[in-house]
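The same chain A turns up in both complexes below, where it pairs with chain B and then with chain C.
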Partner chain A sequence: MNAPRIALRSFSRAQLTSKSSLLGARIPYRCLSCSTRLAQTHQFSAQNGADGARTTHFGFETISEDSKDDRVGAVFSSVAASYDTMNDFMSLYIHRLWKDHFVRSLNPGINPLTSSSSEPQGMNILDIAGGTGDIAFRLLDHATTIHNDQTTRVTVADINPDMLAEGRKRSLETPYASTGRLNFIETNAEKLDAIPSDSVDLYTVAFGIRNFTHKDTAIREAFRVLKPGGIFACLEFSKVQNQLFDAVYKRWSFSAIPLIGQIVAGDRDSYQYLVESIEKFPSQTEFRDMIRDAGFVIPGEGPDGEGYGWENLSGGIAAIHKGMKPIGA
Partner chain B sequence: MATCCRRPFLLSSTSSIRKPPRAPRRSYQSSTHPPPPPYTPEASSILSSSLRHVPQHGFTQTSLTLGARDAGFLDISTNLLPRGVFELVNYHLMNQRLALKDTVQFPEEGKEAGGKKTGVGKKVRALLLARLRGNIDAGVVGRWQEALAVMALPTNIRPSLAELARLSDEMWFLAGDVSVDTSWYTKRASLSGIYAAAEVFQTQDESPNYKDTEHFVDARLDEVQQVGSTVGQVAEWLDFTGHAAVNVLRSKGVRI
Partner chain C sequence: MGGPLTHSTLRSVSTSQAHRPFSVLNRPPPNYPGHVPLTSIERLALAIGSAIGSIRDPHRGDLIAALAEATAKPYFITRLRNAMLLDPTGRRILKDRPRITSQTLNLEKLRQLPEGSVGRTYVKWLDREGVTPDTRSAVRYIDDEEEAYVMQRYRECHDFYHALTSLPIVREGEIALKAFEFANTALPMTGLSLAALATLKRGERKRFWEVYGPWAWENGSRSKEVINVYWEERLEDSVEDVRRELGIEAPPDLREIRRREREERRKAKEREKAAKGAIV
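Moving on to the complex of A and B:
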């Protein structure tokens, strides 16, 4: 009953979006290895070249930068309700292990027994693109149960009101709903005006940065809001290292995932976008360099460049990147 | 110091002004050019202040957190150390290894009283004891069992053994050993074994000034010498007997 309604909403939103965008005259027909779409893509870039408008990629499509936020918004509005079910199906439940590992490796929270001040002072965590609260609840769970820390706060920021609404709904089932430790704000990660500079201990973004129009701007914004010594941590899909495994994985992601999306969530296009955006995301080395270029110190990397500066999960399907804002920056 | 195997370094195509300057990479370790410091300045400052908390808090995340605070960082900054507590153990091992060349000084060749040279064996003994003394001076002996447990974790076994190999290599280098035959391997293997055993012994040692550890080291060194000379004698005997047998057969007209 629910699924068709979502599909309808996504359709109308996408239509609305393409009308309001500069160039999108109609919704491009999207499927893999389809000559119609290829032709459209060329047409798009040709137009962009003529108008001098800046372009970015939306999956394998090239679109104008102005319309990317709307298009991504439409995707996530349409998948918000079935987000978790779909993640379970697509990753065969492994995304839960990745997220658990991500939070455990970050080790958030301050034990009040070891705290230097008499007043317990928890961490201030900012979870970007964490609308449904997946990471936020785990961060709070870890801080509370491992460090017995009742004061660490998480601010969940997302650009998409539908995802935030889903997170708010879910937060009511957690013990943190009325403690004031959980806060939801709607904001663009490239312009965190609501967050003062040098105020955040830990900035997390899990499976979100892929969808940003300007990833470098977002990373620089993270650098601004973090306290010196604060950590930028990103869990994101990445490049599979083993070629044989990569072939199997590509087959799975390009054939099975849109199909599962169609059957379970009634929305093929959104999941087609998902796999294409994964393919377009920079490799581990490139992304590490982006973080370093924003001024972060990369962990696990000696002065002579040894070590890798990231951690691969499941052979590189996902990767954890971290960076520390240096003291005195 | 011997050559050390390294992964081929992937040069990234994107260059930036902010990147820290890179030391030129060599495929060998030079004895005239000091190697670059193993940790970034940030990681070093966290680790060195963390080591001061080890006598009280042991090789634990708590030591790291307190160390990070002392160094002016946040609690979360310990994420700069991806291997967590193992980095603290590794930092101690590296520091002690690199300090050996400064803490142990041998009189120059021929200048010793009576013109007698210090034997390589004596030098190795001095280096071994100096390295074990390093654990006492750093105050980690009482907590070293925790470190051994951390090193024995499956993911940490390889880097730990590599560090042990580098330590025995360093000791033989400083002792002035220049062997280029198979004894290069046996020497390093036996010294690694002795050191690892002595370290375990040291954690249980309650004698004043760790005298028992010293006796333990002497006993093991003697054993290695005995085994070494026994193996050498057996080899010599086999060599002689073999040649004799061949000659006897030749004298009987066998064409060999």
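Moving on to the complex of A and C:
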């Protein structure tokens, strides 16, 4: 199952052409949408093949690193409008609970009545890959409602303009639209040029980091932009611990989700990519080690085990990872 | 329904790609680009889901396509492929594997062909509906790649069937055409889409039961298989000639009937308004 799909495809094409001698020379069957996709990948591998192209994974497919951003971009542009409907179907509405818990456990916001007047008011929060605003709106709601904090602001950064457009549209229905507390910028998480170093109190990324071409670069950028004492928090799909549950979960992922994607959104391939990218994401402990390697201090006590930097949700279907930038840095 | 098809022919010609049980975590490699092998449960779920989805939103052509693919096996798509193998033109089509796209068909040239020719009528339907030949989805869920081609060919020829039967692209015309296709190709999706009769107005439904349904059944089942027409070679022939060859008689002009009905309704409304005005 983990063999690169390109190898499988060329194997089946060889089968096709050998059979064709029976019926005379014929053009191999090729559907229009697939031939454009094939042409794209062939074009890239031909260009970079000579200098030893660096490859990465796109779901179970192996592609050149340069093309990953475009391929992921195409997926999210395609799903942008029905993103929430699809999330609801795929996670049976549980993703809302995960996001609520994520934000509550971060407890953003500074109560102006209890903080000393010398401290700068309000937090500066950066929400990465937060295009449609799910997390940003929850963060602002929590700060405003629980802590009476009217100054905490959130910058939503996403590489995909369609997701950002969807987020801007939704922000019009929140009370934050023209308050200056919500800001949308289009940028690549691996290169946050618009964000100055040591300026962010809280960096959040929910269900975004598994799509990045270089997760470690993104984590290092997070380290750079966070203030000393700032928190890095990541909500992402992870590995299910219980074997029986995992068997059921995997079958649901690889069978039902692409099917639902086809019926509801008319796009099987994007959802196939999504479930494959979940499969490819590192485990809880591996990801925690990546965070630690970037220089973050991991909360909780050792040794390995839940609670040391990560927290499972729904038996490991999703996990919250946290790290803190050390004060001395 | 089509030409003579004996049991022994079926057995000898059908592929030996027996249905291999596999799990969703361990799918066999694709047989053609875009192929997604489905298990029986998935195929059933796709059939049910796409049936419900296409009733709720008839504009989702991709769901109707998925329904066709999910219900074509076993037997029906194989029967259609075998019908092609029994006919010399059908065999040529299977060998050449022509595709109908905006690249392979020169639409500009078709627009300049004489009235009443297949090409001109086809382009007129496309232009009226504002679509191109590229809007058809690619076949993905049929395992045998030759059968997948047959399904793709059927899908791409649909607009030619409109030209052949001169049924308009309104819902009533589409349903009548689906009835014709059901009688001719026996694909289950065409029969299932007759459920859309429930969405027609009463007068349209009556017309179907009285005129177009019987026409579709008699002509579809009596005539030769329309899948065997090599459309790319018949573009300059007149539609009448192709109809005569296949043994299809033209149905009553539905566009004309509907236009006359609209006119009568409009006149009746005006008379009513005038009468009301006179009373006041």
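Throughout what follows, the second predicted complex is superposed on the first by the 269 of 329 C-alpha atoms of A that agree within 3 Å, B and C clash if a C-alpha of one lies under 4 Å from a C-alpha of the other, contacts with A are read in each partner's own complex, and residues count from 1 in each chain.
By definition in this document, contacts are C-beta pairs under 8 Å (C-beta built on N, C-alpha and C of every residue); 3 or more make two chains touch, one makes a residue touch a chain.
All figures in this text were calculated on a predicted structure; none of them were measured in a lab.
In the superposed model, A:G230 makes contact with chain B only, not with chain C. Contacts of A:D141 after superposition on the shared chain: neither chain B nor chain C is touched. After overlaying the two complexes on the shared chain, residue contacts for A:D246 are found with neither chain B nor chain C. Look at A:Q262: by the touch rule set out above, it reaches chain C but stays clear of chain B.
In the superposition on chain A, contact of A:D84 is made with neither chain B nor chain C.
Applying the stated contact rule after C-alpha superposition, one finds that A:E65 touches neither chain B nor chain C. Contacts of A:G300 after superposition: chain B is touched, whereas chain C is not reached.
Judged by the touch definition given at the top, the superposed model places A:E186 against neither chain B nor chain C. Chain A makes touch with chain C in their complex at residues 1, 8-9, 11-12, 15-16, 23-24, 26-35, 38, 250-251, 254-256, 258-260, 262-264, 266, 268. Listing the residues of chain C that touch chain A in their complex gives 23-27, 29-34, 36, 39, 41-42, 45-46, 49-50, 53, 60, 62-63, 66, 94-97, 99, 101, 134, 138-140, 145, 148-149, 152. Across the complex, chain B is touched by residues 105-108, 110-111, 114, 116, 123, 201-202, 227, 229-231, 233, 285-286, 289, 292-293, 295, 297, 299-307, 311, 322, 324, 326-327 of chain A.
For chain B in complex with chain A, the touching residues are 6, 9-10, 12, 14, 16, 18-20, 22-23, 25, 36-43, 61-62, 65-66, 68-69, 72-83.
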